[in-house]
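Order of writing sets the labels: A, B and C. Residues in every chain begin at 1.
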Amino acid sequence: MSADVELDHVTIRFGEFTAVSDANLRIEDGEFFSFLGPSGCGKTTILRSVSGFLDPTEGEVRIGGKNMWGIGPNKRPTALIFQNLALFPLMSVADNIAFGLEVRGVSKFERRKRADELLNLIALSDQGDKLVSALSGGQRQRVAIARALAVEPEVLLLDEPLSALDLKLRQHMRSELRAIQRRVGITFIYITHDQGEALTMSDRVAVMSAGIVQQIGDGATIYNNPRTAFVASFVGENNPFYGRVSKADGEFAVIDSQFGPLRGRNDQGLSTGDNAIMFVRPEALSLMNGEAKDENVIESVVVNEEFEGHFVKIYLKGEGAKNIGLSVTNDGSVPRPEAGQTARVGFDATRAMALPVGEMADE
Amino acid sequence: MSEFIGIFLAVLLAILIAPHAQKHADRIWAAVTRINFVQRNGVFISTYLIVAVVTWTVVMIILPQLYMVDFSFRFNLLPADIGGPKDTYTLEQYRYLLFGRAGDEDAMNWLHLQVFGRTILVSVLVTLFDFAICYPIAYYMAQVAKGGQARLLVLCLILPFWVNEILRAFAFKILFGTGGVTNVVLIWLGILDEPFDFLKADVGLYAGLSYAYILLMIFPLFNAIESLDHNQVEAARDLGAPWWRIHFRVVMPHAKPGIASGCTMVFMLCAGALAAPQILGGPSSLWFTQIIYQWFNTGGNWPRGSAYAFVLLLVCIVFVMAVMRIFKVRFGEIAK
Amino acid sequence: MSSKTVMKLMVGFYVFLFFAYLFGPLLMMGASAFNVSSFPQVAPWEGFTFQWFGALVDNSAMVEGIVNSLWIGLGVICLSVPISLAAALMMTQIYQRLQPIYYVIVVSPVLMPGVILGISTLVFWDKLGVLANAEYESIFYNGMFLTVVGQSTFISAYCMLIFLARLQRFDRTQEEAALDLGATHTQVFWKILIPFLRPAVFSAAVLAFLTSFENYNTTVFTIQAESTLTTVLSGQIRLGTKPDVSALAVIIIAITLVGASVHEVLRRREMAREEAAREAAKRAEAAADLALTAKPIAAA
């Protein structure tokens, strides 16, 4: 069984502080949905309101169409995987997995059978009688997943469950989690501050900042068509150019930046005179060696160069203390400038995005 | 009488409220389960927590203390007169501690005041003495001794204190009695010609009191000094500080909460001691708690005993506050 | 001899003196239990005997006192362990602003002379008895009951400190995890919290019993017509003594020594077990590293 989750204009306040403000979204049945944002953006608060540890101040949380207000975490069809996993250290692995069944009064025999099935699923068949403290980090991770799945939740909630693992294991667990989700077919709601995790695993991602859901969409949409300055600066790398809009139509806008007029897409309907930022991704910028181009040309001094193997990262002096980054494919097609030289770079207007000035993600 | 009215009103109130409450039981129940505390713990556990904590704090701690104070401001009446017209508030019991019976030759109740003063003074001296002998040991165990050795020392320290207070006092009675080991040794050494009654001279009492509460001095000190990083001592020594300066400027300031805690406990237990004075005190010497005991036992004047007990409690409170002020520590640090 | 060696010798001598002070009186008392002399003393030594241990059994007042003390100790465990557990749990949940007041109230019995706790309990319950118009045989005037209540007043505070120390290491997300998996609050309490606190419950019970068993100051006021080991002892010692009291002390010291040794052995074993678990986790970590790429869950 699986269920959809709806947040209907959910606002959550703690005293004066607004942790979540007017979150309004619908997570489809069987979807892998992520909340992505820096720490303190309210994503964990949303998760806790879905799992039932707190109720929204305003609005409704609905699971499978049913309003969950006042229903405790033990009565909701959700299971949560905690950031620190919260395995029970005094119980064996099998007892941990079967705990949810135990408290529901399932017989000992049934419990053991189900625990064995799940141990098999997480490839820990012969470890059921061990104490949790005798397992490795990755194994504990899997036990936590099995324990949550044992209660056959309609929605599985994951609160940065990979953050305690080392890099290699984290990468590995991503594919495992995705595979498990496909197998069990229930709704996954995943909380993370790691955009790599969010973009690779999820069907859709909600980017959050300061309690506000900034944008919802699949990975490509979030990356290619950011709707706010925050999303543009938080997801992936981006070069911002500040300025005032000098010309705008339904499709494109021109911004008068320090480097001259820059033209890019105007999806957010900016009009002349607005303060705006033109975002250009490093891979959208290309070196121009003498060739003529009538717009979107930036001339600046090369500050630094980083060799990454299949591409090279070049940094030009930008506005103030910031650098402009561009990545150049390492195919030898273009001669690379050296530090101290002046370089000309350009970009295509369709690959730049003009957005209203707003909160930026911290570097 | 007033109590009867109180109970009557309470019963009346209960009778009035009960049917009303029954009618709205479900709504009241819903309201109860909305309370944050109840939501967090569930109804069963919440009930247990509240009942247990209220029983302890209110019925066992606060009300008895308050009632003892109330009681100390009353006359010693026959049961029949309690609640009657004679049952009024009075300072009589406190007046007695200061001035004695009206019509006595002395203006003041010198006997009791003297005992009171001596109890406080000796308790302070015992506290200081215990601090002086325990500090070096605590420092040695915490900073000098190695792991296993320190554990063994701690164990050795605890062992004598599982022997109860009365037996410990009894041991001192054997030690200091006229036929006791102390006399035998001193005579053998030629220091004494004939057995000396140490108990009559209260030497036994002072030694016994100092002995009885050593553990409560040494453990807070040990815990506090143990948390000091030994490198700080090394650094101070490296900078050329003499050993006594290291202790006064580095170790003791760090161990301040431990010192405060140890001194408070020893003083309080010493001033409130009853067994040691009863067993080790000479026939004529009294401890303040013994007078209190007499009022409750042979004296048969409970209000007066309560008044004396309240005075003792006040002294202890004043002492705790003074220690908090002098050492600039919080209450929580003392009571660990 | 260098000054360092002198210093070391002096420190050693001081430590020796200190422990001589601690154990000397007890050793003397212990020795007097085996002296034939009918007065508890070591010198003159009149010969070795076990007769005082026999005399102890015949001392019916003492035996009765011990039995009463055991019952009171059990009563104190039953009252103060649940109370102190609740008080410790309450400490973690009470309003931030109320917390200091609450702390002062619950810890104050520790800093209050025992005689005062005894007196206040006595007069308070006496008053309650009068209010309830209770008979003299009723619970309000029952020395055993009052002693349990009076002792629990401060013993609960000791036990609470034990629980607080243990609770500080409790990971609250464990409770949340259990709730999330469908446990009721009561189930969380019994299946998660109590198992975690079990060592503390045990320590608290032992401490409560031992403290109760040796308490005198509070007991002497609340016990009234009944007797406990300590009140009997105190009475007998004041009236002049026989070495059977020393014999009792020897028995108590022996029990203490055995208890302390058992405790130490158990502690060592516990530490060894934890060490083994840590080792196993480390091995699993290493093995998992090897197997990482070879064993995707999805294939299972």
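Criterion: a contact is a pair of C-beta atoms (placed from the backbone, for glycine too) under 8 Å apart; a residue touches a chain by one contact, two chains touch by 3 or more.
Predicted model only: the values in this text are computed from it and were never measured.
Trainee: Going only through chains that touch each other, how many steps at minimum separate chain A from chain B?
Mentor: 2
Trainee: Using the touch rule stated at the top, which two chains are linked by the largest number of C-beta contacts?
Mentor: Maximum number of inter-chain contact pairs occurs for B-C.
Trainee: Find the most central chain, measuring centrality by the gap between its CA centroid and the centroid of all protein CA atoms shown.
Mentor: Central chain is C.
Trainee: Using only Cα atoms to place each chain's centre, name the chain farthest from chain C.
Mentor: A
Trainee: Between chain A and chain B, what is the gap in Å from one C-alpha centre to the other?
Mentor: 60
Trainee: Which integer distance in Å separates the CA centroid of chain A from that of chain C?
Mentor: Roughly 54 Å separates the two chain centres.
Trainee: How many angstrom between the C-alpha centroids of chain C and chain B?
Mentor: One centre to the other, that is 17 Å.
Trainee: For chain A, what residues touch not just one other chain but two or more?
Mentor: 72
Trainee: If I count partner chains per residue in chain C, which residues reach a count of at least 2?
Mentor: 184
Trainee: At least two other chains touched by the same residue of chain B: list those residues.
Mentor: Residues: none.
Trainee: Using the touch rule from the top, collect the residues of chain B that touch chain C in their complex.
Mentor: 3, 7, 37, 40-45, 48-49, 51-53, 55-57, 60-65, 67-68, 71, 79, 82, 133, 136-137, 140, 144, 153, 155-160, 162-175, 177, 179-181, 184, 211, 214, 264-265, 268-269, 271-275, 278-279, 289, 292-293, 296, 302, 305-306, 309, 312-313, 316, 320, 331-332, 334-336
Trainee: Could you list, by residue number, the parts of chain C that touch chain A in their complex?
Mentor: It comes out as residues 171, 173-174, 176-184, 187, 191-192, 195-196, 277-278, 280-281, 284-289, 292-293, 295-298, 300.
Trainee: Tell me, which parts of chain A touch chain C in their complex?
Mentor: Listed in rising order, the residues are 51-53, 72-75, 78-80, 82, 84, 86-88, 90, 99-100, 102-104, 120-123, 130-131, 133-139, 142, 147-148, 150-151, 168-169, 172, 175-176, 179-180, 182-183.
Trainee: Can you name the residues of chain C that touch chain B in the complex?
Mentor: So the residues of chain C touching chain B come out as 11, 14-15, 18-19, 21-26, 28-29, 32, 39-43, 82-83, 85-87, 89-90, 93, 100, 102-117, 119-127, 130-131, 149, 152-153, 156, 161, 184-186, 188-189, 210, 213-214, 216-217, 220-221, 229-230, 233-234, 237-238, 241, 245-246, 248-249, 252-253, 256-257, 259-260, 264.
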